[in-house]
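Okay, so chain A shows up in both of these, paired with chain B first and chain C after.
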Partner chain A sequence: MLEVRGLRVSYGGLRAVDGVSLEVRAGEIVSIIGMNGAGKTSILNAVSGIRSPDEGEIRFEGESIGGLPAHAVVARGIVQVPEGRLLFGTLSVEENLLAGAHRRSPFVLRRRPRADLRRLFPALADKLHRPAASLSGGEAQMLALARGLESEPRLLLLDEPSLGLSPKLSEGVFTLIRRLRDRGLTLLLVEQNLRRTLALADRAYVLESGRIVSSGSAAALESDHRLLSDYLGTSAPAAFHSAK
Partner chain B sequence: MDDYVITVLSNIGMISFVALSAYLLLLTGVISFGQQAYFGLGAYAAGAATAMLLLPIWAGILIGACVAGLMAALVGALTLRLRGLYFSISTLAFAEMVRLVLLIVEVQVEVDGELVGPAGAEGFHDIRWMFERDISLGEFMLLIYALLALVLVALLLIERSRLGSIFRMLGSDDLLADMQGLNVVGYRVLAAGLAGVLAGIGGALYAHFTTYVEPQFFNVMLGVHALAYGLIGGLGTAFGPLIGVAIDVGFLEAVRFIQGYRMIVFGGLVALLLIFMPRGLLDEERVHRLKARFRRRGDAHAAGS
Partner chain C sequence: MIDFVQNTVDGIMFGSSYALLAIGFTIVFGVLRRINLAFGASIMLGAYAGTWLHVHYQVNVLVVALTTLVCTVLAGIYVERLCFRAIRRDAALASMVSSFVIWMQLEEAAVHLLPERTYAFPSFFVAGSFELGPFLFRGEQTTMLVLAALMVGALHLLLRHTRFGLALRAVSESPRAAAYMGIDTAWVMLCAFALVSLVGGVAGFAILATDEQITPFFGLWATFKGLIAMMLGGMGSLPGAVLGGLLLGVIEAHAQWYLGNEYKDLSAYLLLFAMLVLRPGGILGQRIHGREALAFRRV
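What follows is the complex of A and B.
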């Protein structure tokens, strides 16, 4: 479905992504694992068109999409849920939710969000008219996910969906991701939380300083603790520990 | 009503168009110091239509709105890729350019044995549609407010539509808006064009109300005030900038004993609001809360009946 070959992205001479190749097949959850600054978000940004790549090829269902503007990439069915700056703070929850409905004409009055979204995100249904800035961290993450789904993506790029959430809340996010896959969505997931991510993903790529240092099925990577701790440095055991 | 009151009310109405123009752009997160240019272009184009081409007033207003709107969209397409301050400076530069060009443009035609048309620094005199038709100031004021009401309804519909959300998304976080699949520059150009139309209508009315226009009136102070009206009145609803105009033109300028202190009070007011209510009296949060209150009342009403 998605094919990335020899991707290079740099910021002012600093190379963030250095020759990354990866593949996501339809119906998979693929994860990119790595420390802060490894270049995970830069890969997502290049795929979604937020950042144009210096070099390399990005193909989506056979079509080359590298360097297309972000709105053209979204129109093809790739939607990114970014990390951190999640919501339009001054807009209501409902407006945020419908922000993803880019296929709808701008000249119609706002419509209700799709019913199944309200079933997936019951916590948001009661707060549709609140300003988005009033939501808690967990609710904000849910809303960002729901907004991503409103675009009816075929490939969802998720950037650290559990960042800053309590273990309980991030458990909720991971459960949701699993349910989305069961509904036929393909996901490319960037995470720092090792154990959880490997439990969720079908395959994973381990990224270090802009290069892929290891890849394979999640099960194989999970059993290779030594490899992971080598490449992720001393904090890897801590990451395993904190996931328990 | 005496003519003074009518003039003040008419000024409030006409300046409101420029305030709404700047407000629309503020919604999308860009600060323009140049909306006075479109007010000026609308005034000149509409004046030329009725006084030189002898067209009816509605055609004049339409032409003024279109000329201003097209020009604003064109300038927007060229400059809206610039970020923040750079865009703001380019709007100011363009507006000054328009003003300086109008200072040297002399195009006059003979109408009933008299020369009519823009005469450079002399301005554009004898836009006498009101006199020729024997329209009173009061009647013209009604025209101003009818058009303002029309524009306001259109803006409120836009705010209820997806387009309104899109404009606010651009203002809230344009990178995130980009990620939602929105053509950010395209929508910004659309907003700039609509804002140009609004300012153009205001200018068209102004030219016919005062019967003459001169480039000096469209200097940067008009643009800065237009911005300030939205920031005073609030960016949560289109009524916000109207409140701003009413406070400034209706109170500070019209009440005679504070006239000499107008700019001091106005500047102080803007400074205080920027500190304590940076998005104005009717900001988004207050508007959300007001809407929620109305909605609850509406629900209670529906449940009770």
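What follows is the complex of A and C.
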């Protein structure tokens, strides 16, 4: 579905992504793991058109999308839920959702009953008219996800969806991600919660200083303690286990 | 008492055009967090183009109005491409200074089009003058008020209930988040300039048709009135722009009546001074800024 070949992205002479190639197949959850500053977000931003790549090819369903502006990428069915959520704080929850549906909304906005929202995001359904800034952290993340889904993407890029959430709330987010995959959505996920990510993903790429140093099925990576302790430092649960 | 009410009514009527000018500044400020100093000059160039047709070909007042609107919108798009699109968002000062330079350029172009000092501008009445009790409603000012109210109402509907309006508000809040949502931010900004130029063109036409003359100072005058009204109401606030415009009109009308014509402009500057000392964010600015700060903290 998504194919990235030899991607290079740099910020003011500093190379953040250095020759990354990866692939996401339809129906998969693929994860990119790595330390802060490894270039995970830069890869997502290059795919979603927020950042134009210096080099390399990005193909989505056979079509080259590298360097297209973000709105053109969204129109092709890829949406990124950015790190830190970036909600429209002074707009209402409903307006945030409508903004997410920008691509397919008619000129005059239609505010419709949201049965689907109540099913997936019950916490939001009763707060449609509240400003987004008034939501709690967990609700805000749910809104960020719901807003991303409003454009009906086929590939969802998720950047640190559990960042800043309590373990219980993170659990909710991961459950939701699983449900979305079961409904046919393909996901490319960047996460710092390593154990959870590997439990959730089908495959993963390990990124270090802008390069992919390892990849494979999540199960295989999870059992590779040495790799995880080397590249992800002592904070990784696997490293903790191997030290024991 | 009757004088007081009559002055207030006159002030509100003329202030409605200030409100439109302030809306032009405030929407651009909301979307770009920058001030478009060339706004008054774009309106002036548009009005000069209309006047040129009127002077040389004696065209109908509606043709003058249409030409004014179209040319103001074109000038606004020109300013966006030259000063705001080309210069990055984080270089706010550079684009403000360049918009000041374009102000000079547009004014120069207008003066070359019509080099005399003063030209007659066709008048435009829809409503005739009428009396209501002891109060007189002048036709041209009533027309102005109705035009302004229609514009504000249409803008409100556009911003609240259309896809473009929501995109514009989303971009005002966070261009980056809007881009993630698939909103073409560059296009929205261009449309915002075209939109405010249209509003400014209506305001300019209404003011000039009431004055029945145009001078090379119109650009400067419109910039001052619009900026002061925006500052009074609170930068970035649409209701604030309306409120600021009406307040400015009322204060000027009273100053003109009680103190004399020469104090009309001075009173506006004094009012702005007092506002900046007592309530620096403007009447509704503080609330907006407070809410924005909260939004940034929470999201």
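In the analysis below, the second predicted complex is superposed on the first by the 225 of 244 C-alpha atoms of A that agree within 3 Å, B and C clash if a C-alpha of one lies under 4 Å from a C-alpha of the other, contacts with A are read in each partner's own complex, and residues count from 1 in each chain.
Keep in mind that, in the parts below, contacts are C-beta pairs under 8 Å (C-beta built on N, C-alpha and C of every residue); 3 or more make two chains touch, one makes a residue touch a chain.
Source: prediction; values computed, not measured.
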Quiz item: Just from the overlay, do chain B and chain C fit on chain A, or is there a clash?
Solution: clash
Quiz item: Who does A:Ser151 touch here: chain B (first), chain C (second), both, or neither?
Solution: both
Quiz item: With the two structures laid over each other on chain A, which partner does A:Glu95 touch: chain B (first), chain C (second), both, or neither?
Solution: both
Exercise. For A:Pro82, select first, second, both or neither according to whether it touches chain B, chain C, the two together, or no partner.
Key: both
Quiz prompt | Touching partner for A:Pro131 - first (chain B), second (chain C), both, neither | solution = both
Quiz item: Which holds for A:Ala140: it touches chain B only (first), chain C only (second), both, or neither?
Solution: second
Quiz item: Taking the superposition as given, does A:Ser48 touch the first partner, chain B, the second, chain C, both, or neither?
Solution: both
Exercise. Examine A:Val74 and indicate which partner it touches, taking first as chain B and second as chain C; both and neither are also allowed.
Key: both
Quiz item: Overlap of the chain B and chain C footprints on chain A, residue-wise?
Solution: 48, 50, 69-71, 74-75, 79-80, 82, 85-91, 95, 98-100, 102-103, 105-109, 131, 133, 147, 151
Self-check item: Touching residues (chain side chain A, partner chain B) in the complex
Solution: 48, 50, 69-71, 74-75, 79-80, 82, 85-92, 95, 98-110, 129-131, 133, 147, 151
Quiz item: For chain B, which residues are in contact with chain A within the complex?
Solution: 157, 160-163, 165-166, 168-169, 171-173, 175-184, 187, 279, 284-285, 288, 291-292, 295
Quiz item: Can you name the residues of chain A that touch chain C in the complex?
Solution: 48, 50, 69-71, 73-75, 79-82, 84-91, 95, 98-100, 102-103, 105-109, 131-135, 140, 147-148, 151
Quiz item: How about chain C: which of its residues touch chain A in the complex?
Solution: 161-164, 166-167, 169-170, 173-174, 176-185, 291-292, 294-296, 298-299
